[in-house]
Structures are given as structure tokens and as C-alpha cells.
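In the two complexes that follow, chain A is the common piece, with chain B as its partner first and chain C second.
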Partner chain A sequence: MVTNITNLSRSGLYDWMLQRLTAIILGAYSVFLLGYLVANPDLQFTQWAELFDQTWVKIFSLLTLISILAHAWVGMWTITTDYLNDRTFGSKSVLVRFPVQVVCFIALFSYVVWGVQILWGL
Partner chain B sequence: MFLLILLCTPSGVGAKRVNSKRPVNLDITTIKLPLPAYTSILHRISGIILFVGLGFLLYGLELSLTSEEAFGSLKSLLLSPLVKFIVWGILSVLIYHFVAGVKHLLMDVDIGDGKESGKFGAIVTLVLSVVLIILAGVWVW
Partner chain C sequence: MKVSVYRYNPETDKKPYMQDFDIEIPEGKDLMVLDVLNLIKEQDSTLVYRRSCREGVCGSDGLSIGGTNGLACVTPLSEAAKGNKLVVRPLPGLPVIRDLVVDMSLFYKQYEKIKPYLINETPAPAIERLQTPEDREKLDGLYECILCACCSTACPSFWWNPDKFVGPSGLLQAYRFLADSRDTATEERLADLDDPFSVFRCRGIMNCVNVCPKGLNPTRAIGHIRQMLFKSAT
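So, the complex of A and B:
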């Protein structure tokens, strides 16, 4: 009987691959944004706003937010199923694990919506 | 190591619980863990902290893009030692998660996943992270 039904894709291999692909996007965005901030120590609002006005920056930022949703979901799912399990909480551990997973998902989804509002000035 | 930890736990990827009385082969809470295990656990902890820290980063991004005044208030906010410390903390966790993540991707393509090379990779991860975290501290202050 399959008892684990909360993973992202119903396939461990696909989850694994998705986590790696999104990791590369997140790493690239971190290097891009931190590199930009380090290279522009005396950054002014106009220059910063112009950077985020460009379509490719909006696309890259939104791609990063969605990647965080997938990446962090797989990560939090792995952690919750590894530690908030029967060994720690007994046979009713799902009553602990599932609420935590729900909170994680709502938080991550809210980050995406909030990010969209920021990027498009809503 | 990541995979090893997964396999060691009853509800890991490879182990659907068919029989609830199935014995746990290796209880990681009862054995002495090698160094790569600690870098792996730190990778997980740093991931959880980043998950929370992202809220702070988005708040900063919101201030920085809302208006000239909000941008200015973010700049003055960043002068406070407490805020500097929080930013440095989030950066440190991001740096560690990044470096350990790159090690993970290398191990996925069979680089540094042996017993000796795994230990070496863990040492490199820790040293490189510490150096970058110190540099980030210098940058923030």
C-alpha cells in the first residue's frame, strides 16, 4: 500500500530532478543579484528601479520565485517525512506532519503572490 | 550522504512502509556520524532558515522598489546594527546552502562521493563557506 502521497510529482526521481534544475536557477539568480549589489556599492533608486523595469529581469525574478516554490517544497517535504515521522511521533505522525506541510505550502505560495505584487507594482 | 540519510529513515524515498513492523536497518541517532553527515544536516538546517529568511528579503525588495522614499527608508534601516546582523545572517545561510548545494550537484555526477573524497569535499565546503561568510560580513559592515 502506498502511504506517501504528499510528494510533488508522485515520482521521487522527478522530484529529485526538479530540485536540481531549480537549484541551478536559484544559484544563478543569487550570483546575479548579489554580484549586481557588490558591483554597485552606491546604488540609487532610479538605477535600481530601471533594472527591475526590464522584462528579462522580471522574467528571471518570477522564474526564481516559482523555482523557490518547487525547490523548497521538495526540500521541506523531504525534511518533514524524514523527521516528523512515525519514529518520532508514533503511528499518528501524519497529524503532525501534514499540518506542517500545509503551512509550508501556504507560506511558499504566498511568497510567489507577494513577489508578483512587488515585481509588477500591484 | 543525503541519499544515505534518506535510505536510513523508514519513510525515505526507497522505503514505502508495506509492513509497519519492518525493522530500521540503521538508526542514525545511535551511530557516530562522519563529517559529510554534518555538512548534509547543516544544508538542511540552512534550507529551513532560508525558507523563513526569504520573507525578510522580499520585504526588503518591496521597500526598495515601491518608491524613492521607501528606498531611502530601507537604506537607513540597513544602518542599524540589528538589521545588518540579520542581513549578514541570511547571507551566511545562503552562502552555505549555495556552496553545499554545488557540492551536492558535483556528487550527483560522481565527483567527490567516495569515502575519502567525500570527507575532503565536506572540508572544502566548510572552509570555503567560512571564508565567503567573513567576506559577506565585511561587505555588510
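So, the complex of A and C:
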């Protein structure tokens, strides 16, 4: 078995399943938001704020944010290990790959924190 | 006909180059690409390529022909030549030893990794381990692989990670043993494949299916492996 420490779960199967599950959540949320915008062409701020005041919308939004974190992490980890490996940068490729992975993680984690701030009006 | 061939001799050439040959093709005959290489060899005996059975069984002459991987011995010139020109290169993604000959070590290493032999710890019966015709049928479309490496060297995931991703050829063989009713090491085999690289680097682009000279479908076999992993883990 090929070992690694920076991917999400250490199991290819788990990463694969999680990426597909989160894709469904992201797809459903996109349809929900787009559908809401299309169904309410004269949307005002108060109505928009009322929508996001409901607990289920908060849960759905937070679930989507966490899904972005997991989905994009698996994806970006795959991209970095495909293209930023020894074949591109030689034996010291980890010096390029690891910082890029850290930047990706910080960005994705920031989205979640930022999203929580917006959702709960903190 | 103009034939452009990839040439590289590490002892004399600084870098690889394409050499053009003018070859007289006999009228009224559709030669195979291997026949054309043999005609070139008569002109220039320094050209090096692998070939053996010349009928698509041994898997020695896998080459990139007109940009598509295939066996030179079973690819007709009429299919391979574009605008009366034929371009022949070595299989992509593997180190070139000389001219059209590539170093297949990584390819064989991946094949070795999947333990391409029956594992059965139960006592051997007096004559042989029997299989029902239905169980035997499950191996059709799997056992025919001739290890020519056309599929794995057409796979970008194998180009990027040939040391970690088993590749379509190895995975087709992995499933051949997972699907065999006489093999008892299913759990161990699955455990060896459950990392983020060995199987899951397959993105399902099906280049392997497109180029397989035996008409096999590694992508489907990989899908079966995923299903087996999923079933055994949930």
C-alpha cells in the first residue's frame, strides 16, 4: 500500500466516497440558492435576511461550507500530488508541494470561519 | 510514403530527434506498421524496436503510432497514416532506452505489486481446483491482457504517478484475481489497494479502453474494484 500523511483520511476509498457525497450536497445547495433567486426576482434585503434567519437554512449553509472544505481539500490534494511531484520538481518537490497544500488548507478553513461569521452575524 | 521515426541513442545523441524515411510501399497491399518498420530496418540497420510474434499476441511492439498507442504488428498502415505520412514514437511516459525501446521496469513493478497469481491457503485437492462455468465466465475480458503497456502509457494518471498508481493494466489484472472463485486472498488484495493512489488515481477518462489492442475494458474492471472496496468497507 502507498502511504501518505497529508490527504484527508489516508484511505482512498473514504476520500472518494466523501468527495461524491459532498458533491451531492454542493449540487443541492446550488440548486436551492439559484432556485430561490429565480423564484424571487424582486428580492429585498429583509427577505434575504429572513431566509438565512431560519435554522434549517443555517444548517444547510454550514453543511455546504464544510462540504466545500472536504471536497476541495481532496481535490486540491489530488492536484498537488499529480502536478507538483518529483516528475515536475525533482526529489525536493515536497518543498513546493507542502507549502501549496498549507495555503490551500488555510484558504479553505478561512472560508468556513468566514461563512460562520456571516451566517450568525458575528 | 514518408515515415517519421523517433530516434535516440544515448551513447551518441545529446537529445532525441525525429528522422524521416521515404519508404516504397508495395501496390495493392495494406501493410502493418511493423512491416513498415522492417522496411526501414533494411535501409537503416541501426533502428531499434521490439517485436516478436508479429500477430498481436506477445505484446512486444506497443508503440505510439500517429499519436495513438497500439501494437505495430496489428495496426494497418491505412488506419495509422495521416495524409500519406506515418509518425512512430515510443510509448509515452516511460524512459527511452534507445529509439523505440522503452524501459518497462515501472510498469512491471506495478504488475508485481498486485500479486498476479492465485493465492489459496486451503489444502490442494487431489487433481485440480474446479470452477463452475459461470465462475469461469467472470474472468472473460480480464485474462486476455498481454501486458503490452499500451493502456497504462496512455493514462495521464500513470504518467504523473507511475510509482504509486497501479495503472489500468495492473488494475485489470488485480480484478482478474479478485474475481477468481479459486482465490481466497480477496480481503488482503483489497486492503493493499485501499490507499489514495493505487486505484483512486483513476479519473475514468477511458484512454485505456480506447487504445487496448485486445479490446479489453480496464475502466470497467477498476469500477468493479471500487465497488468491492465499497461493499467490504460499509
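Just so it is clear, the second predicted complex is superposed on the first by the 119 of 122 C-alpha atoms of A that agree within 3 Å, B and C clash if a C-alpha of one lies under 4 Å from a C-alpha of the other, contacts with A are read in each partner's own complex, and residues count from 1 in each chain.
Assume contacts are C-beta pairs under 8 Å (C-beta built on N, C-alpha and C of every residue); 3 or more make two chains touch, one makes a residue touch a chain.
Just so we're clear, the structure is a prediction, and the values are computed from it rather than from any experiment.
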Chain B versus chain C as contact partner of A:20, first or second or both or neither: first
Which of chain B and chain C A:49 touches, first, second, both or neither: first
Which of chain B and chain C A:85 touches, first, second, both or neither: both
Contacts of A:120 with chain B and chain C, given as first, second, both or neither: neither
Touched partner set for A:10, first chain B, second chain C, both or neither: second
More chain A residues in contact [chain B versus chain C]: B
Which of chain B and chain C A:109 touches, first, second, both or neither: neither
Partner chain in contact with A:98 - chain B first, chain C second, else both or neither: neither
Residues on chain A lying within both footprints (that of chain B and that of chain C): 1-4, 12, 16, 78, 81-82, 85, 87
Contact footprint of chain A on chain C as seen in their complex: 157, 159-161, 164, 191-201, 226, 229-230, 233
Of all residues in chain B, those that touch chain A in their complex: 5-6, 9-14, 16-18, 20, 24, 44, 47-48, 50-51, 54-55, 58, 61-62, 64-68, 71-72, 91, 94, 98, 101-102, 104-105, 108, 139
Residue ranges of chain A in contact with chain B within the complex: 1-4, 12, 16, 20, 23-24, 27, 30, 34, 38, 45, 48-49, 52, 68, 72, 75-76, 78-79, 81-82, 85-87, 91, 104, 107-108, 111, 114-115, 118-119, 121
Of all residues in chain A, those that touch chain C in their complex: 1-4, 7, 10-17, 77-78, 81-83, 85, 87
